[in-house]
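The next part holds the structures, each set out as structure tokens.
In the two complexes below, subunit A is the common chain; its partner is subunit B in one and subunit C in the other.
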Partner chain A sequence: MLTSTTLWFVLLATSSPATSQATYMEIPGAAFRSTIRHEGNDGNRVVADFALMQRAVSNREFQAFVQQHPHWRRDRVPALFADSGYLLHWRAAGAPEPLDADRPVTRVSWFAVDAYCKAQQARLPDWAEWEYVAAADTQRHDARHDPAWRKRLFADGTARAVDAAGDSPANAYGVHGLHGASWEWVGDFSTLLGDSDKRGADDGDRLQFCGATGLSFNNRDDYAALKRVALLSAMQPRSTLGNLGFRCARSRP
Partner chain B sequence: MRPALGGRVLSVVAGLLSSMSSLATANELPGDSVYQAAAALTDQNGRSLAWQDLRGRPVVVSMFYSNCHLMCPLIIGSGKALQSQLSASDRDALDLAVLSIDPARDTPAALRAVAEAHHLDPRWRLLRPLDADVRTLAAVLDIRYRAQPDGTFNHTSTLILLDRDGRILARSGVTDLQPDPEFVAEVKKYLAASP
Partner chain C sequence: MSRVSHHLLFHALVCAFGVGAPVAIAASSRAAANHADATLGEPIKAVLTSPPMVPPPTNRTAPAKVIVELEVVEKEMPISTGVTYNFWTFGGTVPGSFIRVRQGDTVEFNLKNAHDSHMPHNIDLHAVTGTGGGAEATLTLPGHQTKFTFKALNPGLYVYHCAMPPVGMHIANGMYGLILVEPSQGLPKVDKEYYVMQGDFYTEGKYGEPGLQPFSLEKAIDEHPTYVLFNGAEGSLTGDKALAAKAGETVRLFVGNGGPNLVSSFHVIGEIFDKVYTEGGSKYQENVQTTLVPAGGSAMIEFKTDVPGNYILVDHSIFRTFHKGTLGILKVDGEKDASIYTGQQSNQEYSPPASSGH
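Up next is the complex of A and B:
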């Protein structure tokens, strides 16, 4: 009986991926010192009030999006928008493994997650917004001065990450999973480019900004943030990774 | 007789079908076309158009913002210099499109003022995307930009040649008023190959 009930529940859950209303947490803005600085900006930012999804978008939620917008299916997505790894972990072009349904979706390109958030009348968070909320531990809004906390974040993006378990506690803003087993896209990831970047060495110059140039770091001890920036800055908008997911944000109306 | 006729009808039908399907293939947008992205635009004359409406003609495209005094005149200047190096018929065959990264300030009126100040001919379109589409268009074209606290932008200054279906054929960084000779050669080559 128990087994059949469980099975029924699983079937019900996977066969009707209704667009669940994602919960957005209100994030009160404030002045914030970012770990990264750009020329012409020393890292002092003012993050405006905004709202951020309480949890990363799951496979199930992304499945609902793909069903409503079939041109984002794995077998239909234009090459412009995604590389060959896009949703490759799903058992079929339109469906994730049932056991993975509630886990954060990964193997999604920037174009796909940009489209997902737009379809929810939302947008991707900017790096500064993401960093601002991710500075919090379960008690403090900014725990970055705490070496013990910083050290725990070395495992970000791995199975040993602070928030890798599905039931990990919310941070001080009520947001879950920012330091999970997967990394997360940000809307302005392409601006995180260092000025010495020479990807595609024959044509590296085209990646340089006119006038002022790239980014540097205010706090080289913030290794976890450095690692995250390095990862995001190495991505192309059509790239996908097995441990890169996303969540959406909304500006305050 | 009948089977032969049937065969002929069949082959005509098959021919029709195959020509229809090749038509459909011709109309189908290539998977790597930048027009796979959907975006709504307004030109310097206040007309609305879709990003996909640029399809059908070769276009040199770039992104800029009009309240920019260093690089943006260079982008427009090198586009004009490119035009001046083309034959009259090639000049007519090539569109130029500049997308704003600053839609809040680049109203159609502001863009029209730029077009008039630079005496741009009707081949030029200065286009204002919706705010939410700027990043998507920049990502599609691999143009990077960043808003600065003082209201200016850093951005890569690039001319990009798109074929009729929106595939990127060539790109070139803008460093002065003269376009890169290799880029000019690519433009000429494409226009010569596609009458």
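Up next is the complex of A and C:
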């Protein structure tokens, strides 16, 4: 058992040596209660074993991808796949500011990050997978019951976030930066909430009614998760933001 | 294989709905708008003011096309002496910029969300007739701007607020303000107009605890505010910032309540409101001492300042005033008039009770 797990991990780590030295942390799956209720689902999920990048993809790593796939350069990407803010913070179309090289890349569209992960023989994590790993603090795999922990997550997406500093410690899965100064894309972002107003424009659908704060959320106290979902569900796949980056995941073969 | 075809289908949908549809909509709505604009003349850019100031009356006898530009800014500001809070604002202030239009105006509303915002925001204006009060039409990502147009059908004083989830948190952080739709005949002329808006705030630290205070969700759900304030900060209407008038002038207060939770028992100590346009509507009550302003509601209050003095604006749910900050001052200068108010005329002991005898 141990050897097969280790072997799988090695395979993951070596599958795309040309573009990435990214480390993927193996995440053992389990039953999990998501903060979000999806249709016909009370939020009870089973997250299968998977692997998640230890850190968000950096400007340097994204630069390597853009060099290998020049159609994802700022000056070549079709407007269908990225809005005008795409990589706008880079000094040149193909290169970030040197100071920013190791910081998480932002101003990337869902189409671009989806392509990036595919090029690493990977994929974007689903919301449930992302939420599952992000439920951990440095000691506990699920710290969400702790009001003090939940409270700290209000600052997610700002410079005051728990993981905003580059040297912030890893969580109990060995993953860094999930609660950082930037938000992160997930693969199924567009299914998280229905419409943009979310106060019941659609004929009384319970899940979308009235801010979705009381009804489609299992834990109405978890405003930090709600803020994240509100941001992601406001996005179009070609949208980019100065505070939205990503990391990739891999399914267990 | 199925994954590939799914992908192609998705791209096709993006082409059809993500790009194609808005272009078509833009073309047809432009044609309709051009037709309507012909009767409205050149567009007017709305004057927006920070509290406690109010834009001048529109002084128009006919409807116009009015362009409003408002920017959402997230910023740390003082909430009390030595205490700061990360406010989310419309126009950089709490409450947000005051907007003034006329009944019948066609209002083109442009909402910008600052580049350094960390959240998307939108605006629900209670003056709008239409889905979500404009909230659906103004979902605005950081660094983006949105636009929609509405006709100001009903005169009155209306609250606007952010309606992005989590709605309560956006409002608790200060995302509200007032928009006045003047009736077609205008409001009666007065000497001074001011903008006062109450809000309740929930911080982790207790009242007066110094430093940057984070939002407390627990206190917000329990409706136990740490601060209850006029115009977003303790002291926003006192000292040098007190409202001012001269004796004999008429004053109109545009009073709003952003909530998110509390209703206000609005009162001015030492004045009687000659008129209160109850709930910001068209009918007025006369000779009112205290008026109730609901969360998400307003009142227009008019009175003549007969004699000089410091008139104190309070929420007469009174512990809020002296323990949570709901206190402002209207400083009225001018000539005293002893026929109306003398001030203290004497101070002496009054006769002791008759001796019961020894």
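Keep in mind that, in the parts below, the second predicted complex is superposed on the first by the 213 of 253 C-alpha atoms of A that agree within 3 Å, B and C clash if a C-alpha of one lies under 4 Å from a C-alpha of the other, contacts with A are read in each partner's own complex, and residues count from 1 in each chain.
One rule holds for everything that comes next: a residue touches a chain if its C-beta (ideal position, glycine included) is under 8 Å from a C-beta of that chain, and two chains touch if they have at least 3 such contacts.
It should be emphasised that the depicted structure is a prediction, and the values quoted were computed from it without experimental measurement.
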A:237 touches, of subunit B and subunit C: first, second, both or neither? both
Partner chain(s) touched by A:54 [first = subunit B, second = subunit C, both, neither]: neither
Touching partner for A:67 - first (subunit B), second (subunit C), both, neither: neither
First (subunit B), second (subunit C), both or neither touched by A:123: first
Partner chain(s) touched by A:168 [first = subunit B, second = subunit C, both, neither]: neither
First, second, both or neither for A:110, with subunit B first and subunit C second: first
First, second, both or neither for A:80, with subunit B first and subunit C second: both
Partner touching more residues of subunit A, whether subunit B or subunit C: C
Touched partner set for A:191, first subunit B, second subunit C, both or neither: first
Interface residues of subunit A shared between complexes with subunit B and subunit C: 80, 193, 210-213, 236-237
Subunit B to subunit A touching residues, read off their complex: 29, 31-34, 36-37, 70-71, 132, 135-136, 138-140, 142, 144-146, 148-150, 152, 154-158, 171, 173
Complex interface listing, subunit A residues touching subunit C: 80, 85, 147, 151, 154-155, 157-158, 193, 195-199, 201, 210-213, 220-221, 223, 226-227, 229-231, 234-239, 241-243
List of subunit C residues in touch with subunit A within their complex: 11, 14-15, 18-19, 115-116, 118-120, 122, 131-132, 135-136, 139, 141-143, 163-169, 204, 214-215, 217-218, 221
Residue numbers on subunit A that touch subunit B, as the complex places them: 38, 40-41, 78-81, 110-111, 114, 118, 123, 187-188, 190-191, 193, 205-213, 236-237
